[in-house]
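Common to both upcoming complexes is chain A, partnered first by chain B, then by chain C.
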Partner chain A sequence: MQTRRDAAILWLFLILPVGYMVAFVGYPVVYNLVMSVQDVTLGNLATWDRPFVGLGNYVELIANERFRLVVRNSVIFVTVNVVLQIAFGLAIALYFENRFPGARYMRGLFLAAWMLPPLVIGALWKWMYAADYGLINYVLESIGLSDGPIYWLSNPDIVLAAVIAANIWFGTPFIMLLLSAGIANIPRELYEAASLDGAGAIQRFRFVTLPMLKATLLAVACLATVYTMRAFDLIWALSQGGPIDASNVLPLYSYQLSFEQFRFGGGSAVATFSFVVVFIVALLYVRTIRHEKAM
Partner chain B sequence: MAPVNIRDVRKAFGHVEVLHGVDIDIEDGEFVVLVGPSGCGKSTLLRMIAGLESVTSGDISIDGRTVNRLPPKARDIAMVFQNYALYPHMSVAENMAFSLRLKGASRETMHEAASGAAGILGLGDLLARYPRELSGGQRQRVAMGRAIVRDPKVFLFDEPLSNLDAKLRVSMRSEIKALHQRLRTTIVYVTHDQIEAMTMADKIVVMHDGVVEQIGEPLELYDRPANLFVAGFLGSPSMNFLNGTIRAGGDRAEFEVDGGARLPLPTAPAASDGRPAVYGIRPEHLLSDAGGTDAEIVLVEPTGAEIHVVARLGNDDVTAALRERRPYRAGERIPLVPDLEHVHLFDRDSGRRL
Partner chain C sequence: MSATAPSEGFGLRGSTLTLIGIALVGLYLFPVYWMYISAFKTSSEIFADPPTMFPENGTLSSFVWIFTQEHVGRYLRNSLIIAVSTMALTIVLGSLGAYAMSRIRSRAVDVALVTVVVLQTFPEALLATPMFVIFRELGLLNTHLAVVLATTTKTLGFALVFLRPIFAQVPFALEEAAFIDGASRLQSFRLVVFPMVRVGVLVVAALTFVMAYGEFVYPLTLLTRAELQPAPVGIYQFVGAEYADWHRVMAFASVFVTPVLLIFLLLQRRIVSGLTSGALK
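This part shows the complex of A and B:
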């Protein structure tokens, strides 16, 4: 039987998380949504009384060349990152499944990269990318792959690739860790049964590892998408989105609109755009997880 | 179908040797059961035959060909694992036909093979199901089906029945035996259950601590165990052992149990008067009859078919499986008579049969 006190405690434990969600997630999202349909300037930022402009901010954005470039960059940034991080992460995770001496320490070393703050990693890579004294140009030149410095961060044709490479380096260890956990959960006997059934290494990967890892891969892809959708500090440290927006992505652009140009309505509209994408991916993620549990 | 020969095979994990030189010859079409207590190295040996563990030294040959260095897929053997190891993402039919799929067989061939095996095992209605939708016994059958489809030279089973309930275990036991009679493929079957070993095997290999204790037909091992270990391992309830001394001086050979009592011996081994030994007698070979050795009942356990009476004889307790229904009571004294044809004598130090 439930006493009144039990009921009170139940309500308390229900209200706490819900209250937290409403205050710290719901409110900012709604507030952002409201701002995105208003004309918000520095002058009226502190009041509630701002002119309503309907979808004006959105229309303006879509018409804007810059915004379209940023969307295109974001799509490339996220897609290439997710695909390559998972490909490399899977390859490295499988590699460490061969238990050679020192494997565990090496895997630990990989994680060290992921433990550094993105700003630090950005600064590091900025040095490596430096045209005149950077490590990368030095190596390329000394093995004869290029003659003369490559302007990794100031050539608009190259900068996005350079930023993507740095972010892949940053994101892969975590993906590897998640996939390693998934691989460790695949029963050994399945591989043994498969090799008795006549499967070689490639067939064991194709018929055992991949299908057994499907749910994990999907979940990891969702996570990686959300993670790279909000990439900010690493790019900020490397290129600040430049030159001329060649490496600019949605969160960075939203920040620039709001806090550098003080066009808060536009910034909010960009943020809403990102939010919708992330939200859909997050829903997919939750669905995958639930599906996985049901299996 | 093929003979399997194991020659002085050793296995070490790191510095720990777990198999200390095993020799077993398995004939073509034979059903051989490896039996022994947990940790004696049965699974390790089986996995070495399969190619899942490397051979530290010695030779394993299948069908006359040494396979030490061959990968599992080149050995033409099929294995049924204790927890079945079915592919969870494949249906029953796909599980069974997987080996054919790897060989690039056509859809029809795969379908035919899967239905064929399903027919033998009574899985016809389940071909489209996934392993998670099957009961333990059905999974067991699918795992066997997967092996049958392969039509291998040798079947290997590693405790395939240990996850099933007692009743199902008994029926699967006869199914596997019937399957063997039908297919006549060489089978190496690992179990720690001596009843499974006795009922299924053409030949039993008793293992203990990484060595083979005895190899032979089930009843041969039961009737003439080569040593104390085999004698105690086979049979339930297990054989009674009494420590004592052989007395062959008088006109009749006798065994003097430490602590006093005397038991008759059929004949005494030559020049054994005064030799310390172990007297072995199975519970079903102890009768209660006038003129027997006097013993005091400690415990009475009726099983239905028989009554197990535990009685004190000298310093040791013996169990007698008595068929005669009588209200035995603890504290009561009964005379026990051993069936002289079934008395075993073992050396006390080496444990070997005298």
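This part shows the complex of A and C:
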């Protein structure tokens, strides 16, 4: 029989991990909010008694051209990543949904890229992007797509695209896997019925796969957004956000303000902007998977 | 491209699809191959123009160099300490929580799960600022403990989400029998439930290990003493310079990621099915 003490233990089991997350994430988030309205320097870091500056840090940020560039870069970085990861992920998932020897095993192998530490991926792509001896310039030159080295990481006009491409390579396999699971849940009969009605492959994709995948796509887009908004290691290794902030995004900028310029209040204010966006997307994600009974 | 599964035998169409499939995977994972072969090139071959697709004078000198000149052994040991400790803490807290979530019938479980999922999404590089200040106040800067506590926030939410369906599969009737025999909740968890979820827990443990093993932001922020730094920080310092010895960087990276790739190859099927079942439920 289940005693009262046993029930109490069960609640303790639940409270331990949830309490941990509240203590080590919830508290820092709140602490961050507090710091974002204070003037925090290396000198007063150790005390609670820091000058209150109201929205000063935020006002300063919004007036700052650098911050506006970083926001613009972040929007581009996240949007292009989410759209292309889903597009490539869907294409790969559909290809390996065909039945042929080794299909499932090969589909799984893509995940090897996603398992690598992002910092290592940044280092590896930095080597491949090397202007004079790098693999990418060599391939582009030998197939005639470029003549002469392209300075992927030192040309401010293309560095953001270079960083985005590396992150797409990293993120796509996981997105592909989630989409595969969604596709596998579509009842086969729908395709058979569509075929009987004379629908070709493209029509079956448009009128069966896409509509049936709508909820999965929304959930996956939310997850991809959340994951892309936390990208740090890969960009830090590739370009450190440079040159002249051309590939700088919110997490890097916040980190630089805090730990390179020791403007902790500014770093916290930048973080708040991201937190609000991430929080909204996370709630949307939870809502989507809650309302999706078919999955 | 068709999303339907043809019912006919594999035949010519099957072999063609397989060949294209192999080409796609090979192309996609070519950077990983590039990392490994770069590590075996000599310092002159690494800058050969055009680059060689396979090392002509393969050498282990880069590996010898990084272990004798660059403290790679120390970096790897620190990574292992952080990864194993994070994995242990995550699996203990995650298993207890997932078990409780599968047994308590209350709306509180829903609230708890949503709380964890939402908290888990906050980007770590943005939590680094308050984490640094908080751990400084606690006097835990420059300890592996601080990195483990911080990294667990990243792995615990993930573990709970993926362990919950695994624990939910254990029928309550089995435990009831144990309770009638006089077992306590703790005994039932240890003797009845845990043996049944071992494999699932192993997969989540492996993924947790991989996440913590590659952790970069928290050690970068919370550790300033070089002798405590894990491998990603070491690799970063190696690459950060204007000029990098790429054959040596790739040797360091290869040594560092090989355990991750081995874990992946050994558990591939289970990792794939585990990930697809957890994330969208």
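Just so it is clear, the second predicted complex is superposed on the first by the 274 of 295 C-alpha atoms of A that agree within 3 Å, B and C clash if a C-alpha of one lies under 4 Å from a C-alpha of the other, contacts with A are read in each partner's own complex, and residues count from 1 in each chain.
The definition used in the following text is that contacts are C-beta pairs under 8 Å (C-beta built on N, C-alpha and C of every residue); 3 or more make two chains touch, one makes a residue touch a chain.
Source: prediction; values computed, not measured.
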| item | value |
| --- | --- |
| Clash or fit (per the criteria above) of chain B with chain C on chain A | fit |
| Greater residue coverage of chain A in the superposed arrangement, chain B or chain C | C |
| Partner chain in contact with A:A193 - chain B first, chain C second, else both or neither | first |
| For chain A as apex, the angle formed with chain B and chain C - C-alpha centres, to the nearest 10 degrees | 80 |
| Contacts of A:F207 with chain B and chain C, given as first, second, both or neither | first |
| First, second, both or neither for A:A237, with chain B first and chain C second | second |
| Three-chain overlay, closest Cα atoms of chain B and chain C, distance in Å | 6 |
| Set intersection of chain A contacts, chain C complex versus chain B complex | 192, 195, 208, 295 |
| Chain B partner contacts - residues on chain A that touch it in the complex | 187, 189-190, 192-200, 203, 207-208, 211-212, 214, 295 |
| Footprint of chain C on chain A - complex, ascending | 1-2, 6, 9-11, 13-14, 16-18, 20-22, 24-29, 31-32, 35, 40, 45-46, 91-92, 94-103, 105-113, 115-120, 122-128, 130, 132-133, 135, 138, 142, 169, 174, 177-178, 180-183, 186, 188, 191-192, 195, 201, 204-205, 208-209, 216, 219-220, 223, 226, 229-230, 232-233, 236-237, 240, 250-252, 254-255, 258-259, 264, 267-268, 270-271, 274-275, 278-279, 281-283, 285-286, 289, 292, 295 |
| Of all residues in chain B, those that touch chain A in their complex | 50-52, 71-73, 77-79, 81, 83, 85-89, 98-99, 102-103, 132, 146, 150 |
| Of chain C, residues touching chain A in the complex | 1-6, 10, 13-15, 17-18, 20-22, 24-25, 28-29, 31-32, 34-35, 38, 46-51, 93-94, 96-97, 99-101, 103-104, 108-109, 112, 114-134, 136-137, 149-150, 152-153, 156-157, 160, 179-180, 184-186, 210, 213-217, 221, 232, 235-236, 238-240, 244, 246, 249-250, 253, 256-257, 260-261, 263-264, 268-269, 271-272, 275-277, 279-281 |
